[in-house]
Structure formats: C-alpha cells, structure tokens
Amino acid sequence: MIRVQADDFNTGAELERLRRENNGQAGAMVSFTGLVRDLNEGDNITQLTLEHYPGMTEKALKKIEAQANEQWDLTATLIIHRVGPLTPNDNIVLVVAASAHRKQAFRACEFMIDTLKTNAPFWKKETLIEGDRWITPGNSNK
Amino acid sequence: MIRVQADDFNTGAELERLRRENNGQAGAMVSFTGLVRDLNEGDNITQLTLEHYPGMTEKALKKIEAQANEQWDLTATLIIHRVGPLTPNDNIVLVVAASAHRKQAFRACEFMIDTLKTNAPFWKKETLIEGDRWITPGNSNK
Amino acid sequence: MIQLRYFASLRESLGIGDEQIELPDGVNNLPGLTRWLQRRGESWESALADTRLHIAVNQEIVKTDAAIVDGDEIAWFPPVTGG
Amino acid sequence: MIQLRYFASLRESLGIGDEQIELPDGVNNLPGLTRWLQRRGESWESALADTRLHIAVNQEIVKTDAAIVDGDEIAWFPPVTGG
C-alpha cells in the first residue's frame, strides 16, 4: 500500500495494523522512518517543505513497491510519504517490508527507501534563518 | 536500552517514544520486529516457548548494543526480547537503531538482530499438535 | 494541447508551475519543445539549459530526446531529493 | 561451592535446571568437571558428550577447556535460537 499525504502518520499504528493483518505469516517486519533533522551542513533548519508531482509520485511509489515484491518474497509492503511544510523531528517517510525471513525484509525495505530517494518526484526545500534553499542530491540527503 | 520481559511490547509506542526523545538529531530510524510464525518446516505451530538464561541474557544484549554503538554513529538503540509462552503472530523481539544517516541505521539494526540470534542465550521450543520440539540453528530460525 | 509542468527550483526560476499550450508547429520531440520554450527569453533559455534536469512525459521519466505528441503531459524538474 | 546450570533441551535430558555443588577435589577446569559429572550415569555421560554444547563461566561463553575456581557459575546449553 502506498500513501502520499500532508497529514502526519503514526508509525506505531501502521506497524500494529500490519502485524494484525499478518496472521502468523511473516516472521520479520523491517521499518524505515525518515525524520526531519534540525541540522544540515551545520545550519539550523526551522522548516522543511516537501514538494511533489501529484499523480507521478503515486505511480513511482507503486512501481517501487511492485519491484520489491517481484524481487523478494514479501507478505506486506507499505510506503507513506508526507508533503508540504514540516518542522524538525516530524515524520517524513515510512517504508515497511514484512517477510517470512528477515534478510528478505531488510533487503526489500532498504531497496524501497533507496529507490524512492532517487526515483520518486519529491523535492525538499530547507528554511534557514538566512532564507530558503533547495536540497540537491549529495548535499547531505543521505 | 535493553529489556527482557514476558509481557508484550508495543512497537509503535516504543518508536514514538524514541522519535520524541530524538529532538531532530536523527534523520533515520530502522526497526526490526520478529513475530511468531504459525508454520515452520511445514508444521503448524500452536505455541512457541522462549527460554533464556536470566542475567547472562541481559549482559549479552547490553554487549550487542554497545558493539553497535562503537561501530556506527547512532543516536539511539533499543533491544526488547520476550520470554515465556507465545502464540502465532505474537511479538518476539524488537530491535531499533536511530542515526543521522540511514545506511548506518540499517547496518546497525541488522547487526544487532544477527548477533542476537547467534550470541544471546535464548532457546525456542515449538509446540505442534504432535508434541514439542526444540528449534535448532538451521531448522528455519532465519 | 499539451500540458507543461515545472517543479521545485525550476518552477521558482521560471515563475510558473504549469501551463497548457498548443503543440507548436513542427515540434515533435523534447529537444524541439525545449528550444521553442527557450525562445521565450533569458530566464527560460538558461533555466532549461541545465543538463541535470529530468524530463517526464506522461509521468514517466524519459530520455531527453524522446518524442512527444499532442495531448502529452511534459514535466521538467531538478534531481529528486525525497525520502 | 559452584553453581551449575543447564538449559533448554539439555535441561530436559538431564531432568535438572540448576544445582549447587562443592567443587570436586582435583577439578580445576571444564574438562575435569564434565568428566566428573558424566560419572553420574548414562544420561549425563551422553548428554554432556554433545560437542555442540556451549559452556558459559560466570555468564560469559568460554572455550571448553577453560579453568574454573570455587565460586564460579557454570552453564551448559545447546546453540542459541532466539530472535
């Protein structure tokens, strides 16, 4: 399942839902949560704004999820990404992979967040005290 | 932080607590949740019992956590492991690593669960309809 | 008509996020469309000359020499930085 | 006194989980203690002969030829399977 939303998400509630739906099938669930850091390149960030390409974003995330499910034996996958203005420590993204085996869950979760970072049309703009700046790949979007 | 307990844990509440304590420091949080599967080697499992070595278990988990913190740049780590009788789909173990950078969080989380599986004194016994059997490494404890 | 979209820093440089235009006469691929847009003036010329820009046609990333037809949705944007 | 502990399938084979005994005369390492315990009978002899068993002294895994002294806590157990 994929979701793109301005609202916050609750990692715990999402994981608990996946666990309940799991019914004893998966033995391993790996989650990645991306949070807004308060510091980047040594500068204090007061706001982070996520722009995206409505329509294409959803397609890109569905494709990433489908690729993960082709490549690994997964019982469930989830990608949630927020858009709009965020403040430090806010949730940005949640990626979950569940599998019968933990190595598959780790590989799939890492693949999904890595691929999202290079292939899904999201752009981050930081607000510093001095003004705004767009993040470019490499300037610490790791 | 490490905990060994018979009671269930709430992955969501733990992750939310770590997020709140994070204060914008970490940009990445990776969690592994191990769940009781209802099937092993094709046999239906009705109960899984976790035995451990009180005292040594806590030492082993603290050592694993310390090793992870030495090897990677982490802002928080958590290991919770349950003991006693469990049923399919129950939580068994939760491992979390938070870091400024996602690769570090992934590597540390995977290291902790891998090391726990080989170095921490826990033993699993499955209850099948036909009777009980101890799990041995290799008979699907992946 | 074709739908044009510009995102992030490019949207800010151009001062426009999206527009609908008639497919210009004689234009049937991305290089042709880009050249046509660059004739709008200095800011368009320099902004669209950035070789790091990605282009999506109908919401799929394509090579910068891809063909286009009437009805397409074409988007230009800088390298993505989500996640 | 030394504290002896047996876990999991080994505990079940021996029918005992822990016990306190006097350090036997002349015993100062694990092989000596194991041989002493194996003289208790058939089930001890075969159960402790399993080369896959791990041994911890004072809650640290040690080599099977480690030294022991009075006051030690010594535990035998099969390979671990937690997580």
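The first chain written gets the first letter, and so on, giving A, B, C and D; residue counts start at 1 in each chain.
Note that a contact is a pair of C-beta atoms (placed from the backbone, for glycine too) under 8 Å apart; a residue touches a chain by one contact, two chains touch by 3 or more.
Keep in mind it's a predicted model, so treat the numbers as computed, not measured.
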Neighbouring chains shared between subunit A and subunit D, ordered by label
B
From the C-alpha centres, identify the chain that is farthest from subunit B.
C
Using mean C-alpha positions as chain centres, tell me how far subunit A is from subunit C in Å, no decimals.
27
Between subunit C and subunit D, what is the separation of their C-alpha centroids in Å?
74
For subunit B versus subunit C, what separation do you get between their C-alpha means, in angstrom?
49
Note the residues in subunit C that touch 2 or more other chains, in rising order.
none
Expected list for subunit B, residues touching two or more other chains, is 34, 113
All pairs of touching chains, each written as two labels joined by a dash
A-B, A-C, B-D
Residue numbers of subunit C touching subunit A in their complex, please.
5, 7-9, 56, 59-61, 75, 77-83
Listed in rising order, subunit A residues that touch subunit C in their complex are 34, 50-53, 55-56, 59, 81, 92-93, 113, 116-125, 134-137, 141
Could you please specify the touching residues of subunit B with respect to subunit A in the complex?
10-16, 19-20, 22-39, 88-89, 91, 100-103, 105-106, 109-110, 113, 142
